[in-house]
Every structure is written in C-alpha cells, then in structure tokens.
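See structure below.
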Amino acid sequence: MKALVYDGPREVVVKDVPDAKIEHPTDALVKITTTNICGSDLHMYEGRTDLDPGMVLGHENLGIVAEVGSAVVKLSPGDRVCVPFNIGCGFCRNCEEGLTAFCLTAHPDPKMAGAAYGFAGMGPFWGGQAEYLRVPFGDFNLLRLPEDAQEKEADYVMLSDIFPTGWHCTRLADMQPGDSVVVYGAGPVGLMAAYSAMIQGASKVMIVDRHPDRLRLAEQIGVIPIDDSKGDPVEQILEQTRGRRADKGCECVGYQAHDPQGHENSAMTMNRLVDSVRFTGHIGVVGIFLPQDPNAPDKLEQKGRIAFDMGKFWFKGQKVGTGQANVKHYNRQLRDLIHEGRAKPSWIVSHELPLDEAPSGYQHFDARDDGWTKVVLHP
Amino acid sequence: MKALVYDGPREVVVKDVPDAKIEHPTDALVKITTTNICGSDLHMYEGRTDLDPGMVLGHENLGIVAEVGSAVVKLSPGDRVCVPFNIGCGFCRNCEEGLTAFCLTAHPDPKMAGAAYGFAGMGPFWGGQAEYLRVPFGDFNLLRLPEDAQEKEADYVMLSDIFPTGWHCTRLADMQPGDSVVVYGAGPVGLMAAYSAMIQGASKVMIVDRHPDRLRLAEQIGVIPIDDSKGDPVEQILEQTRGRRADKGCECVGYQAHDPQGHENSAMTMNRLVDSVRFTGHIGVVGIFLPQDPNAPDKLEQKGRIAFDMGKFWFKGQKVGTGQANVKHYNRQLRDLIHEGRAKPSWIVSHELPLDEAPSGYQHFDARDDGWTKVVLHP
Amino acid sequence: MKALVYDGPREVVVKDVPDAKIEHPTDALVKITTTNICGSDLHMYEGRTDLDPGMVLGHENLGIVAEVGSAVVKLSPGDRVCVPFNIGCGFCRNCEEGLTAFCLTAHPDPKMAGAAYGFAGMGPFWGGQAEYLRVPFGDFNLLRLPEDAQEKEADYVMLSDIFPTGWHCTRLADMQPGDSVVVYGAGPVGLMAAYSAMIQGASKVMIVDRHPDRLRLAEQIGVIPIDDSKGDPVEQILEQTRGRRADKGCECVGYQAHDPQGHENSAMTMNRLVDSVRFTGHIGVVGIFLPQDPNAPDKLEQKGRIAFDMGKFWFKGQKVGTGQANVKHYNRQLRDLIHEGRAKPSWIVSHELPLDEAPSGYQHFDARDDGWTKVVLHP
Amino acid sequence: MKALVYDGPREVVVKDVPDAKIEHPTDALVKITTTNICGSDLHMYEGRTDLDPGMVLGHENLGIVAEVGSAVVKLSPGDRVCVPFNIGCGFCRNCEEGLTAFCLTAHPDPKMAGAAYGFAGMGPFWGGQAEYLRVPFGDFNLLRLPEDAQEKEADYVMLSDIFPTGWHCTRLADMQPGDSVVVYGAGPVGLMAAYSAMIQGASKVMIVDRHPDRLRLAEQIGVIPIDDSKGDPVEQILEQTRGRRADKGCECVGYQAHDPQGHENSAMTMNRLVDSVRFTGHIGVVGIFLPQDPNAPDKLEQKGRIAFDMGKFWFKGQKVGTGQANVKHYNRQLRDLIHEGRAKPSWIVSHELPLDEAPSGYQHFDARDDGWTKVVLHP
C-alpha cells in the first residue's frame, strides 16, 4: 500500500510499504479516507525526537472498516469510523478509568504507559497517512459515525485528536461555565481549546499568539485575540479582565515555545500562565514537554527541566493538570455535538490534499506559512 | 496582655502588649487557652521572611469567646471555639467557593488574596500566642466545639491548622480509598497528611524523612516509614509498591528542603515526587514555596523558581495542586471525627508549655531536637 | 411605602404598608427598581398554600442600595444589586457548602432550613413587590452588578431566581456537554432550564408543554418543542433520540401537573421522566412538591405523596436531585455571561408593568393567557 | 459438571449439567473454588421473580482460570480471579463510563442494559454455584488476585458482589469523611455498606434492623445498632444525632421490606430514609425494587410503584441514587484494601458448606435462621 514514511529530519516521502493487515483476533483494519497532519507530527518531522526512519506517520485518522478479526463483535466491514490517536486495550486499570492515553497494555515496554500510531516513543504502530491502518482492540478503540459521516468528514476527523485534545485542555483546567479563559498558542490545538471553552459556556475566551491568520480564525468564533508581538500578553489579559486575570488557563504551545524575537524558551508559557491566571485558578497543559531533549539549546531543557515559578504558583494556590488527551473520554459527546449541528471544528481547515502531496503539506505547515493552519490528506 | 513577640531573627520574647479588643461589629474576642508553635512559625523565627519586629506570632489557636461585636449572632461569651489560621470574610467570591485561604476582603492589600494571624505577608493581624485574640468576621471564622471541648483540647486545637492542612494535602492529591500514598516530610503537617490518608481509607501510606522520632510517630498509626538517609527514597517506594510507584503524593516539606547531607535544594522533593508517583497520579503540595526568597543560596531560588522536571511530569500526565489549606472547608468534619472518637491528632504532641516558656520551645523545635515534634502553649 | 399585599385566594392589592428599614447591623435596604411575578407566586395567589393575608409578595428583586447597617463593608448606597430569592446567613453549615437555599440561621423556626422573601413557609420576610426591601446579611446576599446594570436590567433581574433555578435543574440532572436533555414544563423556569442546557453545550434539548406561546419561545433558542397534547411525549422523545431516550431530564412543573385533559396528577411528570430518560440517566427536579397539600384532589397527594415508579427508576439505575436553587451558587457566573453578552435571559419577558398594575398581571399570568409568559414590575 | 439448579419456588437441587466451555474468542473458563449464596438469590428461590426452572444460580464467584479463548491476552490458566456479578463488554458507552452494571452489549435483548450470571431477567448466563463458569469478555471482567489469594479467599470472594454493592451504596449516597450515616437493613449488603462507611471515615454509622445476630455483627465493627422492633427508628436516629438526623442514608432492604409485625410495605424504608436524613442529604439505594411485581400484596406494588413522600423529599432538597453496583468500578481498590490488611469483609461469614449442601444453606438463609448471616459454598 502507499504510505507517507519518515526518512530523517525534514524528509518524508510517499512510497509503497507492506500492507497493513489483521494480526490478532481483536484487530480491525480501516481503509483511511481522511488523515490530518498534526502539530506533533512536526516535532518528528524536524528531527527533534528520536524517531527511526521508516515509520509511517499519521495519528489523526478516519475511514471505513475493511476487515475485522474473529473476536470483534461491535464492528462490521463498511462501518465508517474515527480512530482515536491513542491505542487503548480497554481492560487495564488506566483504560478502565478512562485514562486511555496511558494504557498499560498496548505499548510493548511494560514500564511505559500509552501507545499511539506513527508516534515517536509511543510504540511500533504504523500511522494512518496511508491507505490502510491496523487498529488493535478494534471494538474498544473505534468510534462509529452516524449517517452524515461522509458529509461531515472534515469535522468528524477532528475527533481523532485535536478536538478532544483542545477539549481535554479545558477539562484539565477545570473550566466552568461563566469562567474567563486564556489560551496560550493559537495553533490547531489552541484554537480547539478556545472553541471548546466557548461551547461549554465560558464568559470570555482570550487567545495569545502572533500569527495573524491564526488570530483571525479565533476571532471568527468569538474569541478575543491577544497578539504577544505587540506587547506583554499578561498586561493585555489584565486589561481584558479588569485586573482580575483569567479564571483558567490553557497551555497549547509546549517545549518549543519561542518569544516574539524567535528565541526558544520552554518555561515562558508556563510562567506567563501562572501570572495570567488568578489566585486559585487552574491551568491545563496539552502542549508537549519532553522528559529529555538532548538537542535543546538550554542546559536545563536538555534534561527536560524548566525554571518554573513554583513560589508564585504555590502562593496563588493554583493547580496544573497535564498530559495527552484521553480521546475516548470525549469523542462520543463531541461526535454528538457535530451530528446535531452544535459544533463544526472543520472551520480551521486550510488545505485538503491528496496523500501524494503530503510532503509539500509538511513543508508549508512546518514553516508556519501564512494561511497553512490545518492540512487534511485524502489517501 | 502578655504575648509572644517577634524581635528579629531567632529572637522571640514574651512581653506586655496592648490588649486585643473588638474593633468592628462583626469581631469576636477570644481568650486563648491553647496555641501551638507551627513549622511555618520557624520560617519567620529564622528570619528567612520579611516579617517586621513587633508582630505577635501564633496562628494555631483555641479558646473561649470573651466578647462579641454588635453584629455577631451565632456566638456568645463562654463558647469554646477553635480559630482557623486563615481569616475569611465569608462573602467574597473565594470564601463563597470554600477557598477561605484566599479571601479577597480581609487582607488590606487589594492585590493579595488570603490573610492570617501573626504571619509574614498575610496582613497586620496579631497572632494568638497571647492572652487574647481579635477574630474578624467572628460568626464566619470561629468553629464551635462540643461538650468535650476541654477534655480533648489538645486534639481540637489541631483543627486550627495542621490537621486540616495535612488533610488538604490529600485532597489536593485527590487521594481515593484504596490508593497507595507517599508523603514527603514527617513534620507535624506531613504526619497529619499521612494520618488523613489512613482515615480516608488509603490502602498503604508511606512517609519519607530521616528523623527517627518522627518516623516512629508515623509507625504508631500504621504508616510505613522510609528513611531517605539510608537510600534513595524512590527506590524504596518502588519496592513497597511492586514497581508500580505510589498512586498519589504529598509534599509537606517546602522550599527549605535539604538533602541528607544538609544542602538546601528547593526542587528536590517536587522532582522526587514526580518520580515516586505513577503515570496519571496527583501530587498535593502544602509545603510552603515563596515567590521571592532573596536570601536563598541558589540563584533560581532567589526568584522563587525551581528547576522542575516538567518533561517527565507532563509525559506521565500528572497533576499538581497547591496552596494553603482552606481550613473551614474541613474543620467541621474533622471536629466531628474527633468528637466521635474516630480521630485523635494529639498523638504527635511532645511538649505542653506555659506561654512564658515559648522562647525555649521555639529554640528546641527549630533545632529539630530529638523528640520535639510538636509544641503546645497554654497562655 | 407602596407594596403588593396578599389578601386571600386570588386577591392581591397594592397599598401602603410600613416602610422597610434597617433592623440589624448586617442589613441592607434596597430600593426596588424591577421585581418579577414568579410561577411560585401563583401557588400562593391561588390560595393553595397556607400563606396568611397581609404578606408582601415578591422574591425576584433588583434595585439600588439605599442604606446599609453598621456592619456592612462590601456595599455602599448607590450600588446596583440583584437579590437572590433565598436568604442565607453565610456562616451556617449549609451556607458554607453553597447550599444557601437551606440556610440554618435565617428562618426563625430552628427545625426549618431555608428562608425567602414573601414566600409561604419560608419565614416572615416581606417581599420586594414594593418600593423598598430589607435584605438581611446584606454583604453575603447581595450581588453587585457591573456598569451595564441599567441597560440590561431585564436580564440581570432574572438572576434573582428563574435563571439560577433553571440552571440548578440542569446541575441536579448532572447535565454534561454533548448530552441530550428533556425538560418537562415550558414555563419561565423550564425555558431557563432549556436555555441553561444550551449554554452548557447540550447536543439536543427538548421541551414538553402544550402552550403554543411557550413552545415558540423555546424554538427561538434552538430547543425542540414537544407538544404533549398531540401525542405521548415519551414516544416523541424516543423518535427524537433514535430510541435511546434522553440522557438527562428536568422537572419544571411540580405538584400541580395536569394532563392535557386538565386533570391534576402530581406523579405524572416524575413517572414520565423516569420513562423518558435512559438507563443511568439523572433527573433534576425544581418544580415544587409540598410535604402536605390538604386541598389536593387525591388522597395520596394530600399527604404529600405520589405513586412513584420506584421499580423502573431503580432498575434503570437513575438518580434524582431536588430542591430549591441555591441562587448564590450560580449567580456570579450567570451575571458574567450576561455582562459579556453570552446570555440574554430577558427574551422570555412578555409584559413590563408598573407596580400599580400588578394585580392585573397576576390575573393574566395565573390564567396562562396566551402570550403572558413572564411579567416584570417596576415599582 | 455438578451445579445447583433452580427447579421452582423453594426448590433447588445439585445435579449434573452440561459442562461450561469456551464459546467465543474473548471467553475465559473459570474453575470455581468459592461461591456465595446472595440475598438476591432468595428473591429467585422464593419464586417471586419469573426465573425459568433449569437455571444454574450463583453470581458471587471466585476461582482459577482453567482455559482462555484465542483473543484473551491478560489471563493465563492458573490465575486466581474474582468474578464480578455483572457481565460487561468493556466497549459500550456505559462500560466505558464505568457503568458496567448497565452494559449495552452483553444482554441479548437490545432494550435491556445489564447482564449477570444466574440472575432472573439478566440474560441467559449460567451461574457459578457449579464446578465451572463461562466468563464472557474475560480480559475485561476478571479481576486477578495477588499471592495471598488462597489464604484470604473468604475475603476476596466478597469482591464479586456484596462488598462493592455495599460500597456502591455509600457512593450513591455521596458519603464524605466525617459524615454520619444511617443504613437500613443489616443483611450482608447492609453490613458491607456500614463497613464501607467506616473505612471511608464516617464519623458515626448507624444500622437499622431487628435480627440480633446481624446487629451484633454490626457492633463488632464499631457500628451503632438500632433495633426497629424496639421503637421508631427515626426517633432513635434523632437521639443519636442530637436532633440533626443523619447526613447520608443507605437503603439495603428493597421491595420486600416488612414492618416489625411482618407486613410487607415496599415504601417503608424509602420514606423512613427521607425522614432520617437531614435537609440536603443524599440517599443511596441498592436494595432491589422491581418494575413489575404481579404477586405483590399491594395494588401499587404490583405495578412497581410505591407511595413515596415526594413532597418531603423535595422540600428537604435531598437526592437519591439507585441501581445495581458497577462492581468493576470498585473491586481493584477493595482488593488492595484486603491485600494490605486494611479490610476483612469475611467477618460476616457464618457458614462454609460443600456445594452438595447448598440446598440446605438456601433453606436456612431464606428462613433468616439465627446465625445464618452469610453462606459460602465450595464446589
């Protein structure tokens, strides 16, 4: 089958690879019809992670069940399904508690928790930027889509990762209706966090970024754009909140945060969030931080550490919740919101490309070229 | 009246000061019968904070209502009461949500949240290591005690701070029945955190310290002592949990953490907790961290920062909750547990002294002299 | 001052009564500018309750602080405020837990929990369908309004009761984003429950009633009207939910439920809700039920009992939450939603009348005359 | 294999039946070593339900994995396991939310939610009062036991039903540490509810019954016995709580409640609980109520209805949660409590019998013969 393969830093290529197939009685095989490029694909694309060449990328996948293993009872060939980026078993302690991003079974290394498709450090599972995808524990992992699956395919595919991930960030921040919320980072995940806050009844949502195309997308859904290249974002948040600061904060940037002058500073958004959020406020963090980052410019960062404002954080009585989204914990409800016409996450899609043009999509998205906010591929 | 006054680093003196009195219609005046020396009094005693000489110390207070202001309706002279260390108004947004440690009214500086008696940075309110204490918003702040108030005075006085603070730590860590819990720090607050975990049905509670007297007290309530002077505590926790690490963790040490060799390292316990707690586990932090600490040995610490293992923390999907305890959120239930004979926090008391001997109590407690685990004063 | 006084069944009259005034240091006196007629005023108006003649009615009040007692610190004359219908003290166990509808201090009868203005069985407190209102525990009870208070007065007055009451119903039902919700009763409270569900991100909200004017108002905010005079509402809900029934249900009718033929049947809506909601679903009940109802047509009902489908309820593993709304638990956040333009509850107002015309307003509203959905009075 | 088979009202017989075997790739086959007689077996034994003769009874099962299907990955022959009484699939909406008592897959009737072994109305699955038991979805359903499995077999078997069911009742009642709790019914489930409340830190637990042997067992764990044959239990609860009533209540009796004179009254415990619990208190109901009960003496009860004190319940702002326990939601934590020596639920076992003597065990337990509190069978 054809698939997009990682060949080394900033080298991805579409080529023939062995067909994905059923390997265990609980597997399902999905013919991929839509698969996105994710911001976390860029960490791998840029060579910052330790991904070995040869991996098929792609963890935002949607398609049609092609074949099922002998133990599968819920699914039939022909079902349209969305694939959560995390692979869960459904019966370990974490999966049972809804913490499917930290499955204790799927990853071959027993010291690890969590597995994903086409993802550095998350197991050997090939991704879905390909014609077919093998899905372990099919009954547990696959989300069936209703009769408007094709018509709203660009919306439903967002259920694989970024819509639940943005939503997760608001839950980690314990956002409540009526709250004011500030989101740092207006990439696809940050935009989804802001959108999730709006859907859940935030009174005011602010988003901090400096790319005009992203800030414009935020404005389209009623979110207040804060351009941090035009002044201290904390000061701007103070103005927006009559000096009260935001009730809750969302970190959607991660370890590769840059200041407006282009210098990497992995502690910047966390410390700004502590400053932007009120006493007793909560902060959700879905931007990725790495346990080790040997290529980082800073010595602390190489060990996965940041110079964190612990004193201010403690004194303010704040809370922080972190980690990859447990997609399955949210995707049914978000599917229903899309189906009933109450959510339309596809508003951020800027480009739909055939799989063959994926390498060009990676290049533009990685360069943050103006207007390349979200790239969707159709194998 | 007689009171214990801070005169400068390691200088406290018992002397005559102007009488505490009713200043506002909602005030109550309490004749103090028992008042403790707290571990956080030592931060002030040692001169590490910016407390001005002349302050009356003491925020762990219990006594008898002597007089009430004209607006007070719940209390009458003669009522035996315990005084939460935080001063709340009862009607600001934070107090209404139970976040009385972050009252927006009581502290005279409108940018601050939270006030306390005899406490650096928490307002001008005199403490209760004295004959009398003025309690603002008396109806809201004072907890009435039942008919066994005198008999169990050494238990009920713990409701003013350390029992709720230890309990708060387990709630910040979202401890659930059946969980395994590790507590760093076996001072009075850490012992109360361990005790709180036991009362709430933890399956296994471990506590890390190196003072034999403290570890012995922990053992008395069924807690497993871990001596970090005898080996890496994380390794010992792995052994105790069959390699699973603890479900939840409690930080009861704070910014003045020392390694067994005596070097201060403010990041040590936080990073060890990230390591000691499993994927998706929660960590509660009631050990104090300061927004600025100009006298700290380390440059980061002077700015209130620590070199935090953010990458590992995020990768494990952990959560951290922090801050002073909202005493009123817990003190009724804990009072009822004491009254019904289900809790007896006074087991940690090592010394009961008259107020006049308080300076000697400070000296021994500050020196961590063997056996000086908790000092109770009787004015 | 002028006030609307209950004179007996279906007899209300506007007349001069003694001026409301400060009686305790914590009181505030409010000059009323807007006050609504509530559906629960009709229970009293109809003489179904044991209200004594002479009571000033009105528990949905908004106005300007005219005077404050000596202990009041938060409020100043001239502040525009909204008055929650429940009177809380702020320091009893229930108020501290946010259960201000069940205050243990305000009601003179120590066996009762909860007090309100101008309300049968809720204490001797006069209502606000008058020129002035005495508000006990002013600092605790009054909600300050922002600079758009006058401009949005018809929205902010809804914070006194029906908007928080409708919202409370969704919280009692534990409504989650993405849920389908059915509301029984499209009176003002039912409409607010439906509106609250929409704001919090329900995927689909259905409302059951038979009055065309009410169902039209529901449609205006995207809610699906279900006319129970045109067929079994449970069947209609099954159709709307592909046979799955609603995830959550709201009871906004109460003990005086009638079937479409006009017969009173106090068990009807509860049993229909059990049938309308899925296995494990939750039901919130803010429609009023009375502990005794001597004038009820049915013998069970006279004792405050209903013939409840306990077997089906238990078998389905459902939950029910009940009771008057703890207004203060919601009114800050709802105020912020109004202020930021994210909620506009005044869309249900049908009539604004001067106080003198209140008796006519009662008559039309009680008759459920077409188009009389919500009456607002201006003293 | 040998099994206990229901032959008709009060007729159970141990006889040879076809061997249980693997029927689906996800099945596991368990050799039963311990299996209990449950109070709900008695509803079937007495012929009150519509169970067809020929069913193998027994839903409280523990044993050793004998064989696994081809899709099973977690389990191996020889593993010692406890079997939850509910059969869940692990991937339907309810199982994913932890509501395994309401699985949407396992029961063959698509309108039903929930399946169980050897249980009227819960599907065709044979019970475990037999030599072998087929367990569908083995990886999901079976709980592995640690190295002390044999030594503590009488404790671990309680994880199959009554310990989690009692615990569930306290969770449905939202019991919090420090609460006072009243449990109606001191059968095995009621005793486990009381025990669960003690473990979770209740300040005072009261239990209402009239059988001296049961009340004695309650006293052994520090629970206050209330004998309702010696006076109104509500009055006794008022005395125990200084007139405050209990904070939370547990219903562990169900539809076959009898008054001390022996008359069945299915509404009695629910209405007494409403009366016994304070304003805003919660009530958990795990006693079984049936949607229809054609053989009931009362006309309302035949339709599954009770004459419920809705008015008082609403006026007090109480909440009720109901339904069978989601065993898997609790059994890991309770297993860990047993393993660490913090819980020992076997204290209620009165008789251990070989399977052949099961009919005699049914007879004595059904007769509530003195001292027959819990019967454990060993096939």
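Annotations for the structure displayed:
We just call them A, B, C and D in the order they show up, numbering each chain from 1.
Going forward, a residue touches a chain if its C-beta (ideal position, glycine included) is under 8 Å from a C-beta of that chain, and two chains touch if they have at least 3 such contacts.
All figures in this text were calculated on a predicted structure; none of them were measured in a lab.
The pair with more inter-chain C-beta contacts, choosing from C-D and B-C, is C-D.
Checking A-D, A-B or B-D against A-C, more than half of the residue-numbered contact pairs recur only at B-D.
Inter-chain centre distance (subunit B to subunit C, centres taken as mean C-alpha positions): 42 Å. Centroids built from CA atoms put subunit D at 40 Å from subunit C. Residue positions of subunit A touching 2 or more other chains: 97, 332.
The touching residues of subunit C, when paired with subunit A in their complex, are 176-180, 199-204, 332-334, 336-337, 339-340, 342. Residues of subunit A that touch subunit B in their complex: 94, 97, 99, 101-102, 113-114, 172, 255, 266-267, 270, 279-280, 285, 288-293, 300, 303-324. Against subunit A, in their complex, subunit D makes its touches with residues 24-26, 69-71, 73-74, 89-91, 93, 96-98, 105, 139-140, 328, 332.
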